[in-house]
Amino acid sequence: GKTEQPAEGGSAGSETGGSQGGTIKIGVLTPKTGDLAQYGMAVENAAKLAVKEANDAGGINGMTVELVIYDNEGDATKSVNLFNRLIENDKIDALLGPVISGTSLAVAPLADEAGIPMITPTGTNEDITPDYPYVFRACYIDPYQGQIMGKFASENISAKTAVVMVNVGSDYSVGLGKNFKVSFEEKGGSVLAEENYTDSDTDFKAILTNIKAKNPDVVYIGDYYNAVGNILSQAKEIGLDAQFLGSDGWDGVQVDYIDVAEGGFFTNHYSTKDTDPVVQNFIKNYTDTYNETPNALAALGYDGALILMDAFRNAGSTDKEAVLEAIRTTDLNGVTGHITFDELGNPIKDISIIKIQDGDMVLETKLSE
Amino acid sequence: MLKVEGLHVYYGAIHALKDISFEVREKEIVTLIGANGAGKTTTLHAVSGLLSPKAGSIRLDGHDLMKTPAEKIVGLGLAQVPEGRRVFARMSVHENLMMGAYLRKDKAAVEADLERMYGKFPRLRERSKQLAGTMSGGEQQMLAIARALMSKPKLLLMDEPSMGLAPILVDEIFKIIQEINEMGTTVLLVEQNAHKALAIAHRAYVLETGKVLMEGDAKTLLDDERVKHAYLG
Amino acid sequence: MTQFIQQMINGLHVGSIYALIALGYTMVYGIVKLINFAHGDILMVGAYVGFFALTAFNLPFGLALLAAMVLSALLGMAIDKVAYKPLRNAPRISALITALGVSMFLQNTFRLLFGANPRKMPAVFNVQPILLGDLRIPPLTIITILLSGACMVGLELIIRFTKTGKAMRGVSEDSKAAKLMGINVDRTISITFAIGSALGAVGGILYSISYYQVEPYMGMMPGLKAFVAAVLGGIGVIPGAMLGGFVIGGVESFTKGYLSTTWADAIVFSILILVLVFKPSGILGKNTKEKV
Amino acid sequence: MPLLDVKEIGITFGGLRAVGNFSIQLEPGELVGLIGPNGAGKTTIFNMLTGVYKPTEGEIRISGRLANGKKPYQIVNEGVARTFQNIRLFKNLTVLDNIKTAFHKDMRYSTVEAVLRLPAFWREEAEIDRKARELLGLFNMEEDADTIAANMPYGKQRKLEICRALATSPQMLFLDEPAAGMNPQETRELMNTIHFIRDKFKVAILLIEHDMSLVMGICERLVVIDYGMIIAKGKPEEIKTNKKVIEAYLGS
Amino acid sequence: MGMGVVNNYMTGILIFTGINIIMAASLNLATGYLGQLVLGHAGFMAIGAYAAALFALNTEMPDLPTLVGGMAIGGAVAGLFGILIGIPALRLRGDYLGIVTLGFGEIIRIALLNLPFTGGAAGLRRIPKLVNFNILYVAVVLTITFLFLFVRSRHGRAIHSIKEDEIAAESVGIPTTFYKVYGFAVSAFLAGVGGSLFAFYQSILDPRKFTFMLSVEFFIIVVLGGMGSITGTILAALLLSFANEFLYSVENFRLVIYALLLITMMIFKPDGLLGTREFSLNGLLDRVKTLVGKSFPKSKR
């Protein structure tokens, strides 16, 4: 029924303080406007889906889960203000977000100080979690994926030369590129060039033309699928046919760019082919609800929500300490794999290498360090 | 031809025209004289539609000008030599003149009129390619007059056409006004140079702080003691 | 050498799109002295119209283009009526704020309507590139350049030889004096917005086809670049906008190719600043000092 | 040594020689008229003398010092003030602030003294406030001190512009068509004002004007130019009857 | 606890509003008083913020000297850039200058992303958090007071006269060249101070923050408050901040409504909330009196 719909938008006017009246309040900070909105919306949608499913199934320990979602525009300043609003006005029990590393870095110390368990679904920067016991993440940290792909490039497909494309406007991309390079060179490969671009670039022909002239075995692009789709399309236009490699941001590229992405490999948290019902349910329900295929951000947003709800369930209350302890001891089958946490608040999970083959996503192999 | 009745104009809180009425008959030269700030320019702007009066009526050949936008009023055969010249500064002299003929379709006649203007103001011909904005004050004044004439108006409103002109040209301008009047153009003339204006006008109105103070035959006013004292010096 | 020519072709491609968009900026600026910050978003609307025409209605490219031009033109006129016209006699900066407001409004309305996720623009000219030795010239590039060229020539003809063009020049100089010449100022401004917006729509469609994507914020960057192009060429000057577009496109392409992608925008802006310092009214702008 | 000594200056605008071989001397307290047909180059001469244009030839000396190529504000510091053919006031400022702005060069206090409101600030501000009001008083404008300049009638705006020029305590005052747009009555008042200024402030006045009643009425000598060249010089009575001047300028 | 009136959330908003006030008021000097269109004010803020942060990260001094030193350095470096950008301003007019400053802002942003010592996309972290509400409040009061006193001095008059009519200003002896650069420098200096306060409050710096849109945000505050009205700036900054917070209750429509609000306000108050006037109690009383006078016209006689 309608009443069981997950709360949408900031229910700033809501009078229910704390978790009395049988609600668990989870705050969500995510960019819903501006050029990061496409990522923020995926997280928001997935979180709403997870919460709705939980509520439909009777809630958590008899309590309904309510989301309080604010648009932080990807801005640290606004995130800080909104976080204060979430704890003081909305009296949340836990925080899902923020989505971008920069904003997560700004909020993490506050969440820790306030004793609010926080899970950033997608903040990949290494520094977000270590100093703050209350702060966790659902995604890999930057070095991890880059390293694995460097190793894969060198050992599994015997690449000798590579070019790394880096979006310098995104520390996600910067971190991945750096670590790919390190690990690829460690294994004896040589990186011919590092080509940089920025968030606002749409025309990549100039650098692709240069890359073409260098003729590398592989090109590594650690960035999100929209930029990647655009780059791959233009690469095709100018006739650059190297082996392209990428990161979990590629997930989603299959929707519009499957043809130009053909043959590419990328690291991901999961495979759409995974027969695990958690994965298949998620893909089906998400597609049914939002009329679009979920991407990695959605998967992480979903898992973030699952981890929090699971912790509430295991803690048996909304007591912050108990919930924190429950998160630490998470042992959960999420969409992005089997999740446990290390002592730094980072998830321990496998990496899948996905190949785009014959217009489909195929699980090439699973690797770990 | 032009009949104005009970005109009231405000600039915000300033009541600039207070119940002004006057008329201009076919083929007449009528002049409005009055001190600075009396409301002469305001009156002309109200007639040509550049501002909208609060109350009153303005009729030109039976058309209600109160409801007609400025560009349509021009279409009815009215032209204005505006205060401050308002030439198109970044257009050449020639282009300015052609803008004057914007509504005209008779190309050949326009060319002929252009020649006539160049004949009357040789300086303009000399400088036909110069940007109007770089012309001297007086040169711009000539251009503004010539541009207004290019539209072949039936009724010509002139706001201080002699301002900034050399004495020799002032005489020339008044001659030209008489000439075009004789050729059938009706003229409503605002002048500081009341002496000369009254000398060529048929009738005149004296404005004072937004009101019509006196009206009558130009020759009579020229001899009126009060007018003499206040405006003729 | 091949690479050099290839970069130049790339530059011409982007440049001609910038030029098209810059025309809209320059025309509106020339006539109402307003930096129409919403122009980039009109481009976005045009791209969306094109996108839906091509995908949902399966229209041929020509019709999609026409639909986008018409709807954008109407939108441009409507924006003028609602947001700019009431401020004609107000300080110019106030209209700048409403322009920013309109920009924000369009972006967020489209985000609400169609989501933040980019839509994939169908590849319209998906045929094999023309190969000249090592050179590859995508047909899209040729079509973009030709279409832009045609629009610019058409515009120049309109401005030079029609009554409307004459009226535009008059209004841009002095709208009150223009009224006294019998020019319908409001209509002229409306037409200006219509033409500028229609050209923007063409730019938007070409842009989205070239870069495959349509999204609510897509107008910001090309809009800004095109604005820079218009200023560089001499704002208010039609050929200046075109020249500026090509210069920016070229500089961008060459700096990306030979210097640095990340600094490219900085270099573009530095060139702009340098040019303006030495030629304060842009490359083709007339430096008419105020007569004292 | 003459106050102003101009030798053979000239300027060319894209091929058009607007002024050439123009020379003039001005002694303290003189009242000289510069007349000539429209476009003869009168305003251009003012612009060269006040640093708005740089002459392409010739030399300008003010109190013996070379003034070519100086910026307008530096010329003001040399003791030259002017008004403009098209009035140029600080339209949105009050009458009083228009005048106070013109006292800038007489003031010394620094930014620090200003924002800390140290005694120097109060002293100088009080001083110019007094001087500005006094000046307005001389022109019967003390009532208008708080009026926004743009809201005043034309005649008063002209007067304010002159007043503002005087606030720079010049030794020379250049007036460009001060009577334009005034009726004969107002022009007569203006004549008195100009006389008064000369006598009260002991300034030399150089004046461009097309209103012959004013020019002939108050100027001690006249310089007539046409096409940028001097065609006649002399006392008003001589000029009135000069054939060349009649033909080019006065008309019959 | 439980008092709740001025909680962290409110304090946070007030602090950021305060920084906005400093930014917009300093922009008002360049735009409202000097009359130059500046669309890159965020650039000066960024320079101040990064300079102060780098200073703090590389010294080991007690809090107060670090704060004051950081503010001084942030202001000085930004002021230097203000002089730099003031120089093209000498030759450029109006909108051309606007675009140059816009370009300048972008160059700064790109430089922050690419220079070796600015932390790139990740920005700077662990900047000491030295600013609290009280310190910021003092800074705002000082800035506003400074501007108030500055514009009401001969320097302020000179700057204002340039906006009114540059040629006339020269003609009464104002060295316009000097005052343009000076006005820019002071404006940039204060923006740099604003930036340093921002850095010392936020404690991390993210180059994404300093975009053209941030410059636009300051610009909107200035125009909305009234160009040349410092109290107007304060009013507009407060109004926009709180409008924004309030609009979170219509989350999805927030920016649409915000945009409509802007358009409507401009149409109904094209000169901004206060025009060029300053808010004062006396002025308010006078206005009330005239209003009362108007509604009882007979009492006038």
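Descriptive notes on the structure:
Here the chain labels run A, B, C, D and E in written order, and each chain numbers its own residues starting at 1.
In the analysis below, a residue touches a chain if its C-beta (ideal position, glycine included) is under 8 Å from a C-beta of that chain, and two chains touch if they have at least 3 such contacts.
Since the model is a prediction, treat every value here as computed from it, not as a measurement.
In summary, the chains found to touch both chain A and chain E are C. With chains reduced to the mean position of their C-alpha atoms, the one farthest from chain D is A. Each chain gets a centre from the mean of its Cα atoms; the one farthest from the centre of chain E is B.
Between the Cα centres of chain C and chain E there is a gap of 31 Å.
Chain A and chain D have CA centres that are 73 Å apart. Chain C and chain D have CA centres that are 48 Å apart.
Counting partner chains per residue, chain D has residues 43, 52, 84-85 touching two or more of them.
Within chain A, residues 32-33, 168, 198 each touch two or more of the remaining chains. Multi-chain contact residues of chain C (touching two or more other chains) are listed as 107-108, 262, 265, 290, 292.
Contact annotation for chain pairs lists A-C, A-E, B-C, B-D, C-D, C-E, D-E, with touch applied as defined.
The touching residues of chain D, counted against chain C in their complex, run 43, 47, 52, 84-85.
Residue ranges of chain C in contact with chain B, taken from their complex: 163, 166-167, 169-170, 173-174, 176-185, 286, 288, 290-291. Touching chain E in their complex are the following residues of chain A: 8-10, 12-13, 32-33, 69-71, 74-77, 80-82, 84-85, 87-89, 101-103, 105-106, 125, 127, 167-171, 173-174, 198. Chain E contributes residues 4, 7-9, 11-13, 16, 110, 113-114, 120-123, 125, 198, 202, 204, 206, 208-209, 245, 248-252, 254-255 to its touches with chain A in the complex. Listed in rising order, the residues of chain A touching chain C in the complex are 32-35, 37-38, 40-42, 168, 195-198, 200-203, 205-207, 209-210, 213, 226, 229-230, 233-234, 237-239, 255-257, 292.
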